[in-house]
Amino acid sequence: MKFERYGLGIAKGLTVTIRHLLRRPVTTQYPEQRLNPSRRTRGNELIWDEAKCTGCGTCAKACHIGAIHISTSTDLVNNKYEVKSYEVDTGYCIFCGLCVEACPFEALFMSYDYERAQYRRGDLFQSKENMAETPERKVSGYFYPGRAAKLPKQSLLVDNDRGKR
Amino acid sequence: MAMQWLPPDWPGNFWAHWAVFTVIIVAFILVMFLAFTWFERRALAIMQARLGPNRAGPFGLLQPVADGLKVLLKEDIVPAKGDKLVHWLAPVVAFVPAMLIFAVIPFQGGALLADLNIGILYIVAISSVTTVGIFMAGWASNNKYSTLGAMRQIASVVSYEIPVVLSVVGVVLLAGSLSLQQIVAAQDIPFILLQPLGFLLFFIGALAEINRTPFDLTEADSELVAGFNIEYSGIKWGLFFLAEYAEALAISAIVTTVFLGGWRGPLLPDWLWFLVKVGIIFFVIVWIRTTIPRVRIDQLMALAWKFLFPLALLNLLITAVEILVWPEVSLWVFVPVNIAIAIVLIVLWSKFFKLGWGKVEV
Amino acid sequence: MTLALSGKDIAKQIEKKFPGCVAESAAESLLVEAQSLLEVAAYLKNTPGLDFDYLTAVSGVDYLECFEVIYQLTSLEHNHSLVLKARCYNRENPTLPSVVGLWRTADFQEREIYDLFGISFTGHPNLKRIFLWEGFEGHPLRKDFL
Amino acid sequence: MATTAKTKEVVINTEPFVVNFGPAHPSTHGVFRMRITLDGEVVVDMEPVFGYLHRGIEKLAEERTYTQVIPLTDRLDYLASMSNNLAYCLAVEKLAGIAVPERVEYIRVIMAELQRIASHLIAVGSFVQDCGAFMTPYVYMLRERERILDLFEMVSGQRLTYNYMRVGGVSQDVPDEFIPALAKFLKEMPGWINEYDRLLKDNEILLARAKGVGILPRDLAIDIAASGPVLRGSGVKWDIRKADPYSIYDRFEFDIPTGTVGDCYDRYRVRVEEMRQSLRILKQAMKGLPRGEVRSEVPHLIRPPAGEAYGHIEAPKGDLGFYLVSDGSIAPYRFHVRAPTLINLTVLADMMRGWKIADAIVIFGSIDICMGEVDR
């Protein structure tokens, strides 16, 4: 180790850190201040539209872990299979969005909300009843530009957006 | 502002004086420990573009209290094959000397526990006892990392004791007395101006003794995980934490008293000046901690023996020459002279000396 | 642009040097007999015109009737590349000569193939399992591993 | 094998002891274990132990269709998922002979270069953190990486495992507010990089800890087929984007920074300079972004013709290659990943021998590995 610059390099480094005393911190206080996630965010839940779903099972085949279990009636009812049970094991699901892309009838969506953590593993099991779209369980714009346009704009750190108080 | 001097045994007899000042010192250390912990975490955070603790109490002021409670309630694990007695005794041996140093530091006027006329010698002697405590911790934990950490602590303290002592001797020459009270009294011009090189050497050496960045090799997080206090938890770990901050407080107090003119200063009351200067020195320690990477063990030793030690000797020589040859010249003349000499010496030394080679043929 | 040398004309050069060791040469790859792998590899590495000094990747494949090890060779100066292959047919104890002597990069990659396929490389300094623990029986990437 | 420091008459025998820089250690960048034999502070020998993060991705890929493998490639080098996706999609397109529309080429280059900057930020940040700078440079660089993650989240919906690229294109087009946000990022980022340089570039202690430490000589680097900043740090001018340009990298002009000696400081400087070059490429790619389709006509279940293909790109950590064998069915018959970080580690023991433990950690940090890719 040679001190060939007599500590000037260290002094320059010190000026950089001291200048940060005057800058605004970057952190947001999560529960109080919230950042808007991206309009295409893949939240930790799936939302299923019973009306449009024809029970074709493409989403179950598209899932590479087999997290979607669907059982339908055997014969066509006004050219739709009547879906008896439709479950998604969000414990297995890695939220890659392949099922949403595969659904030919736009009946499956990713959720916009990211606070669906549960205390027990059993509650991770989503079944038909609690998968419909409700005001508090919003739909993310992943793969559906139309829906994305309605969601709030993403808050970017690039425009120094720290989220509202 | 006239120097208010308190009579030596201020509230009457000796024992009353001793009792009052012991309470003052212990209270001062604990309160400043809480203040420093909070101050360091906030200053560190803001300099790293984040907020730091602001949840416990207003502006996070109760965070140190919360930490203290947590540490009190945590389970106190003793390693199975470790040496139980030494493991239990180590934190005490590490913390008590840090507290003893404050006996001779004048908070204001005559306000100090014991006006020893060998103040500096007392400080230097006491401050090296903490190393024994840290080595006891390293040895008793029966853990490879902590043994390595403790060995490094001994190596660094042994090699930094000499430059630190020599740079303070320069100040003693100027003040003419070892007692801290006289040193403060003699500082019409703060000794940092008269002894710039001495201040620099003392500050770097002191950083190494309390193993703060850039010399925090004892609990180097990247390679030794947490050095000697790996096997400590609960209040024992809390005591080590307290010892570290008490030592940082002690070093700031010594630097203030010896180099920055202790409690002397215009306008503000004396004790407030003392606190402000201690705060400034501690901010510089925290500021250095946020920026500078860690030195390697052989570079640390090389820096002490090849860089600080010769410079301390030269500084001592120059101060002695100045005092003996030109005693009547006013000290203001020496301020620019000493600063120039300091710069020349540093530039000269850093040109010639290569510190630490690194690779060993194995 | 890295020029991928065609296996055919390299095969002709090698046929001249070492008769009878090129098993099969397709357009983009060159299959070599297992026992003459080292000579061909040394030849490819050291001849001035070719000097493949950079072994990019070593991959193993289990084709059920045989194991195949594929060496992607590259030359940094001439910026051309070649795919060299070697096969071993018996499934109980497949062995191939190790090229660690020529390219040190093969050290970990051959240990990985040994670990996941069971092909043991003769002449490898410390042929041990790299990912799985010592007591693991069987080699997971074989097609018949359940 | 105790080392003896022979003075003239006294022979001091120190008995070396083995320390486990085990899977759970603050500076092993993931679950990597080193059994280091120490003589005092000096490293005598080092034996790496892998496999703590081995998930058998190559076996899993054999049961998935070509599209379902893409989320698996996200989890290889989880700090550079975009580059993994790109490398895999290029290999499959080479295998199946699929052409890709013009706009997708530009989007892929933008995503790959943004990912290179994000990965280098983590690499440099954790390298300086290993040298001991207490969190500050690392936190600054993570703040810049957050800006890039915002852009990735805007485009793909996730912040780490993007699953954004598909065989024959990308899953969704770039939203309208992406280009203005990217432009703002490109305007600010050079300033931030200059600030890192002011903080670190000629900091004496970082120089002391990194210059001349852990030298990887040029021919040894070629012999172990090192790649990426590790190879270029040793002075070898070899970058797949220039040597074997894939997608449209031949349209952009940028240069390749190389080190001289091949020590930790050179590797650190190469990574910082590469960030600047990536910004240059991003500016040109943003200007040239054409309008148009983002997916070419590819059936949902791709059945590439039987055969094999080896596609490799210049990922942030090195030459990331995918060797695919297909037997005509919808799932790959063999899926092999050429992991640059596993190969860069081949010679770690030789680089560390003779240095102190503090240097061992710095040398290991300068190679910048990601355990997801090493253990697969």
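Chains: A, B, C and D, in written order; residue numbering restarts at 1 for each.
Heads up, the rule we're going with is that a contact is a pair of C-beta atoms (placed from the backbone, for glycine too) under 8 Å apart; a residue touches a chain by one contact, two chains touch by 3 or more.
Just so you know, these numbers come straight off a predicted model, no measurement behind them.
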| item | value |
| --- | --- |
| Given chain A and chain C, the chains that contact each of them | D |
| Between A-D and C-D, the pair with more C-beta contacts | A-D |
| Computed distance of Cα centres, chain D from chain C, in Å | 25 |
| Rounded Å distance, chain A centre to chain D centre (Cα mean) | 26 |
| Whole-Å gap between the CA centroids of chain B and chain C | 62 |
| Euclidean distance of C-alpha centroids - chain B vs chain D, Å | 43 |
| Chain B residues counted as touching two or more neighbouring chains | 47-50, 290-292, 295, 299, 355-356 |
| Chain D residues counted as touching two or more neighbouring chains | 136, 143, 199, 203, 205-206, 208 |
| Multi-chain contact sites of chain A, meaning residues that touch two or more partners | 1-4, 7, 10, 13, 16-17, 26 |
| Interchain pairs in contact, sorted by label | A-B, A-D, B-D, C-D |
| Chain D residues touching chain C - in the complex, by the definition given at the top | 50-51, 54, 56, 58-59, 220, 222-225, 236, 238, 243-245, 308, 310, 312, 319, 321, 323, 325, 333-334, 336, 338, 342-343, 345-347, 375-376 |
| Chain A partner contacts - residues on chain B that touch it in the complex | 45-51, 287-288, 290-292, 295, 299, 302-303, 307, 346-347, 349-351, 353-356 |
| Interfacial residue positions of chain D with respect to chain B in the complex | 3, 17, 19, 25-27, 39, 41-44, 128-136, 139-140, 143, 199, 203, 205-206, 208-209, 212-213, 353-361, 365 |
| Chain C residues within the chain D interface of the complex | 1-2, 53-57, 59-62, 70, 72, 76, 79, 81, 83, 103-105, 107-109, 112, 116, 129-133, 140-141 |
| In the complex, chain A residues that touch chain B | 1-4, 6-7, 10, 13-14, 16-18, 20-21, 23, 25-27, 29 |
